[in-house]
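Each chain gets a letter, A, B, C and D, in the order it is written, and its residues are counted from 1.
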Amino acid sequence: MTQENWRRWGEDDERGALNHIDADTTRRAAGLVATGQVINLAQPLSPRTPFPPHRAGMQHFMGRSGADYAAGARRPGGFQFAEDTLLMPAHIGTHIDALCHAWYGDQLYNGFPGAGTRGTTGAVRCGIDKMGPIVTRGLLLDVAAVRGEIVPDGDAIGVDDLARASAVAGSEPGKGDVVLIRTGWAERDAATISFDAEPGLDLAAALWLAERDVAVVGADNFAIEVLPFAAGTVFPVHQRLIRDFGIPLLEGLLLKQLADTGRHAFLFAASPLPVSGGTGSPISPMAIL
Amino acid sequence: MTQENWRRWGEDDERGALNHIDADTTRRAAGLVATGQVINLAQPLSPRTPFPPHRAGMQHFMGRSGADYAAGARRPGGFQFAEDTLLMPAHIGTHIDALCHAWYGDQLYNGFPGAGTRGTTGAVRCGIDKMGPIVTRGLLLDVAAVRGEIVPDGDAIGVDDLARASAVAGSEPGKGDVVLIRTGWAERDAATISFDAEPGLDLAAALWLAERDVAVVGADNFAIEVLPFAAGTVFPVHQRLIRDFGIPLLEGLLLKQLADTGRHAFLFAASPLPVSGGTGSPISPMAIL
Amino acid sequence: MTQENWRRWGEDDERGALNHIDADTTRRAAGLVATGQVINLAQPLSPRTPFPPHRAGMQHFMGRSGADYAAGARRPGGFQFAEDTLLMPAHIGTHIDALCHAWYGDQLYNGFPGAGTRGTTGAVRCGIDKMGPIVTRGLLLDVAAVRGEIVPDGDAIGVDDLARASAVAGSEPGKGDVVLIRTGWAERDAATISFDAEPGLDLAAALWLAERDVAVVGADNFAIEVLPFAAGTVFPVHQRLIRDFGIPLLEGLLLKQLADTGRHAFLFAASPLPVSGGTGSPISPMAIL
Amino acid sequence: MTQENWRRWGEDDERGALNHIDADTTRRAAGLVATGQVINLAQPLSPRTPFPPHRAGMQHFMGRSGADYAAGARRPGGFQFAEDTLLMPAHIGTHIDALCHAWYGDQLYNGFPGAGTRGTTGAVRCGIDKMGPIVTRGLLLDVAAVRGEIVPDGDAIGVDDLARASAVAGSEPGKGDVVLIRTGWAERDAATISFDAEPGLDLAAALWLAERDVAVVGADNFAIEVLPFAAGTVFPVHQRLIRDFGIPLLEGLLLKQLADTGRHAFLFAASPLPVSGGTGSPISPMAIL
C-alpha cells in the first residue's frame, strides 16, 4: 500500500502529517513544561558547517562592519552599525524538509505534480511556506543510549530499537508527536563523519512511526535513514514518509544536551523560514522542559 | 545616564536583556497557554519581500527541481527530489537584530569593541549565535487599536500610547517580556509603504520599556522607532536599547492575526538561526495562545 | 525559411556564426590596426548597473579589506590583502548571449533539444563555454549619427537605417564581422531609460545582417531589438538570429567613445568567461583602432 | 629600495605598470599577428574549478531553463529562454589581481591608504575598474620546456630560468610586455595539485621582470610566486610587484596549447570585468598569433 495519507485532509492539503497537530495537541503539550529549561537543538551555521559533496556550503558576507569605522567611516548622529548577507543551501545544518523536497512516480504528497516545482516558480505546491509553526509534544527516542554506544555508520535502526527506546522514554510515539531519534552521529569528531555512510532508520522503523500518526520525524544525522541504502533502493524513507505520509523530516539536530537532561517528553517548538515555494529551511528547534 | 545594563550579567555577557528570562520565567509563560492556538508572526520570504534601498532583496535559486525530471533527469531507485539555495540579507522580512548590529562610541553592548566585527571574522562578540532560543511571555501592545487607526507615517508612539495600550492589554510590560507593538504599518498595501517614513517608538517610549526590564522589543514596522528621526538624531532607539540595555529588536512582524484574537498575553517562542558571528537573523516567531 | 545555419558546420557544431571567423579573418582584421588606440566598450559593473525588473542586480561582497587591518587584523610577514565575491546574473551590463539563451519550438540552434539545459546541469549544448575568443573585424553602424539624434524609445531601426549607416562607415557588413549598432540608448540619463521600450532592430534589419554572414550582432541597448515588439511577436530577433542563424548577441555596449573617434572599422577582440554550461557572460569587449 | 614606480605617472595614477603600454606599443604588437590563430588562455569556470581552502568555489545557479518548458512553462509568442546567475570569488580560475589586492605598510601602490578599501565602498583607489583593456606584446617564457619537466612543487624559478627561457623565446622581456611564465603546474592532474606548495618565481626573478618595465606578469600557477615562501616572508612577490611597481598579476592561465605552437611573441589581449571597486576579476585572455 502507498499514498497512505493522500486526501486524508482534503484534496488541497499541503501540510500532511502536521494536520495531526491541532490546538488541543498543542495545549496538552504545553502542559509538559515542568522546569522551564529551554534547549536549543540547532547546529551552529557557518562556512564550516559540514555539507555533502553534491551541495555547496554556507557563505557569510559581512557588508558594513566595525572595521569600516576603524577605517574612518562616518557616524552620522553617532550611529554605527554592522550588517551581513547569508548564502545557504536550504538543506544545510539543522533543517526541515518541505513536502515538495522528495517524491517518486512524478507525484508529490497528495498527488500534486512533481513538475509543479520549477526553477522559475519554486514549489507551487507543498512548499516550506505552507508548513507554519510546529508546537507539539516532542519525544526523544535515544537509540544511542539504548545501544550503549554511538550507532555505527551503516547500521540500521529497526523497529526493535525504537520499541526499546520508547520503553526507556516511558511513552510510545503517538499522534501529532515530533519524534527525535538520537543516533549519536552528530556527536562524533566532524573529521570522522561521512555523508556516504551513517546510522539511521530502516524503512520498517520509519513506517512504524508513520503508522502511529506522528507529525514529524527528526534525527541527529544527515538523512534520518541509514546510508548506504538497502540494496536496490535510494532514499526509501524519504520516498515513503514525505510523499506517501506527508511527514516532514527534521535533519541534523543536536540531541546530546537534551539527552543528558534525562527528559524524554517535552514541549517542542520550531518554525521554518516561510520561503515562498522553498523546498526546506534551516530551522532552530527548541525543547522546552 | 548610559550603559545601563553593562556588566549587569558579568563582564563576558553577550546576551544582554535575554538574561531577564530564566527557566522560571519560561515555566510561568507556558502557563499562559489556554487554547493551544498557534499564530505565525513571520512575513513570507521571497524576492518580493520589501527591503530598504540601501540593501538588496532576497534571491531564491532552485537547483534540482521537478522540471529537471520533466526534461528527462534520471530517477535512480525511483527517487526524485528538489532543492534550493537562499541568498538573503540577515535583516530582511521578519528578523531579529543581534547585539552587535548597532552601537555608538566604538563600543558595543557591555563595552566590547565595535572593531571586533570584521569582514573576515564576523562578530567576535555579541553575534546572533550567542542569543539562543527565546521562550517567555509575549505581550501585545496594540497601539493601532488604541489609536483607532493605522498609525500614520512619521507619527511617534510615545509613553502615553504604550500606557494606554497596556491598560487595554490588562498588563504592564515586565521583566523578561517580549513586547510586541502593533502600529499597523505592515498591514498597508505594500505599494504605499516607505522606508523613509514610518510610525514607531520615540526614544522616551523605548526607554520606558527598557527600564521595565523587558527582554526584547518587537514591532510590525521596519525599524521599531519612528522615521524620520527626531532632529539631530540617527536611530536613537537602536543606539540606546541595543547598545546600552542589551535589548534585541524584533522587526517586521505580522501582528494583525494575533490582534484579531483579542489575546494580549501569551507564550512567545522564537529562535534565530545560529549564524556564527552574524549581526541578525530572519526568524519565525510564534504566539501560542 | 528557418534554421538557415543548422548543420552548416556539421551536426555537432555549437559555435554557429562564430565559425565565419577563421584565422585568416583574424589576420586581416589585425591589419586594420592603425593608431593602436584601444577603447573599452564595457559598462561599469556595480550594484548600480541597471537591470530589468525580472532580474536581480549585481551584488559585490567584500571579504577581507583594508578596513580589517585598520581594525587590527594581523599582517603576517607584513602582507596585507583584500578580496571580494561577485554575484551577478549572466546577462547584466555589457554581456553576450550564448546560443543556448533563446530558442523556439523546443529546439536550440542546430537542433539540440531545449530540454538539454537544466537546473542541475546547465546547458549541455551551446553553452557560453563553447564560444571561445572572438577576434575579427568590428564594424560600427552609427544609426544615432545617421539619424542625427538618439533613436527614440520604441523606434524600429530598419534595413534603410543600416544601409545608410554602412554608407557612412564606408563598408557593408560582411562575413565574420562583429557589427556594433549605436542607437544612443545607453547614453541617456540612466533615470530616463526603461526596459519596456527602447530603440532597436526590427526583424528585417536583423535578417539583413544575418544573411551577410556576420559573426555577432551587438548594440548599445538592452535587447538589440526594438521594444515593444511588433504585434504578436516576442523577442523575434532573438528567436531568429540566435536559434536559426547561430548568431550571438552582444548587448549593453558603450559606443559613444568609439563613435567619437570617427573610426568605423577596427580590430575587435572579446572573450566571454568560459562558464561551463552558462547561458551568457558579462564581457569586456575592446576596439583596437 | 622600494616604491619604485610611485608617482612615476603622477600622484593620482591608479594603473601602474599598465602605463607602460601606449598606443604605439599596441600598434607594434598588432604587427606580430602572423597566422591569425587565436588561443584562449582561460580555465573553464564551474563549481569544479579548483580553489584554495580559504576561499569558496564558484556557484552557478540556473534560473529559467529548458527544463521549465518541459514542465509546461508558457511560451508567449513562441519565445523560450534560459538564464543563470554566477557567484564567484573575484580571484578564481584565470583571473587578474587589481592593484588594490595586495600591499604592505598600510599603503597601496602610489601611496594610497589601504584603509580606502572597505566592506561598504569596495576599493576607492586602484580597483579593477581602473585597469581597462590590456593589448600589447605577449611573451611566453616556457620554463617547463627549458627545464624539461613540469617544475616541481616548491621549486623556485630564478633569474637564470627566466634568462634561459628568454633565450629560447628569442626575445627578452621589455617595456609594456605581458610576460607569461609556464611552470606546467596547471597541466597536472587536478587531484595532485595543492595550494600549499607550487613552483613559482622567487623574488629576484620577479624583480628582474619588474625592472625591465613589463606591464603584467602572468603564470599558469596559483600565485605567480613559489610556495612555500622563502623563510620569514609571506607573498613577497605580491608585496613588491603589486604595491611597489604597480604590476598586476595574471594567475591561473592555461599555457600548454600556446606552448605547443612554438610561438613566443604574439599579440596579447584581455580586459577585466570593470567591477567598481573590485580587487580583481576573472578574465579570459587571448593570444593572437
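We take it that contacts are C-beta pairs under 8 Å (C-beta built on N, C-alpha and C of every residue); 3 or more make two chains touch, one makes a residue touch a chain.
What you see is a predicted model, and the numbers here were worked out from it, not measured in a lab.
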item: A-B or A-C - the one linked by more C-beta pairs in contact; value: A-B
item: For subunit A paired with subunit C, centre-to-centre distance based on mean C-alpha positions, whole Å; value: 46
item: Centre distance in Å when subunit A and subunit B are each reduced to the mean of their C-alpha atoms; value: 24
item: Residues within subunit B bordering two or more other chains; value: 56, 59, 62-63, 65-68, 70-73, 85, 87, 115-116, 118-120
item: Graph class of chain-chain contacts, one of line, ring, star, complete, other; value: complete
item: Subunit B residues touching subunit A - in the complex, by the definition given at the top; value: 22-31, 33-40, 42-46, 48, 55-56, 60, 62-63, 65-67, 69-70, 75-91, 100-106, 108, 113-120, 122-123, 129, 132-133, 135, 229, 232-236, 238-239, 267, 269-280, 282, 284-286, 288
item: Parts of subunit D lying in touch with subunit B, wherever the complex brings them together; value: 59, 61-63, 65-68, 70-73, 85, 119
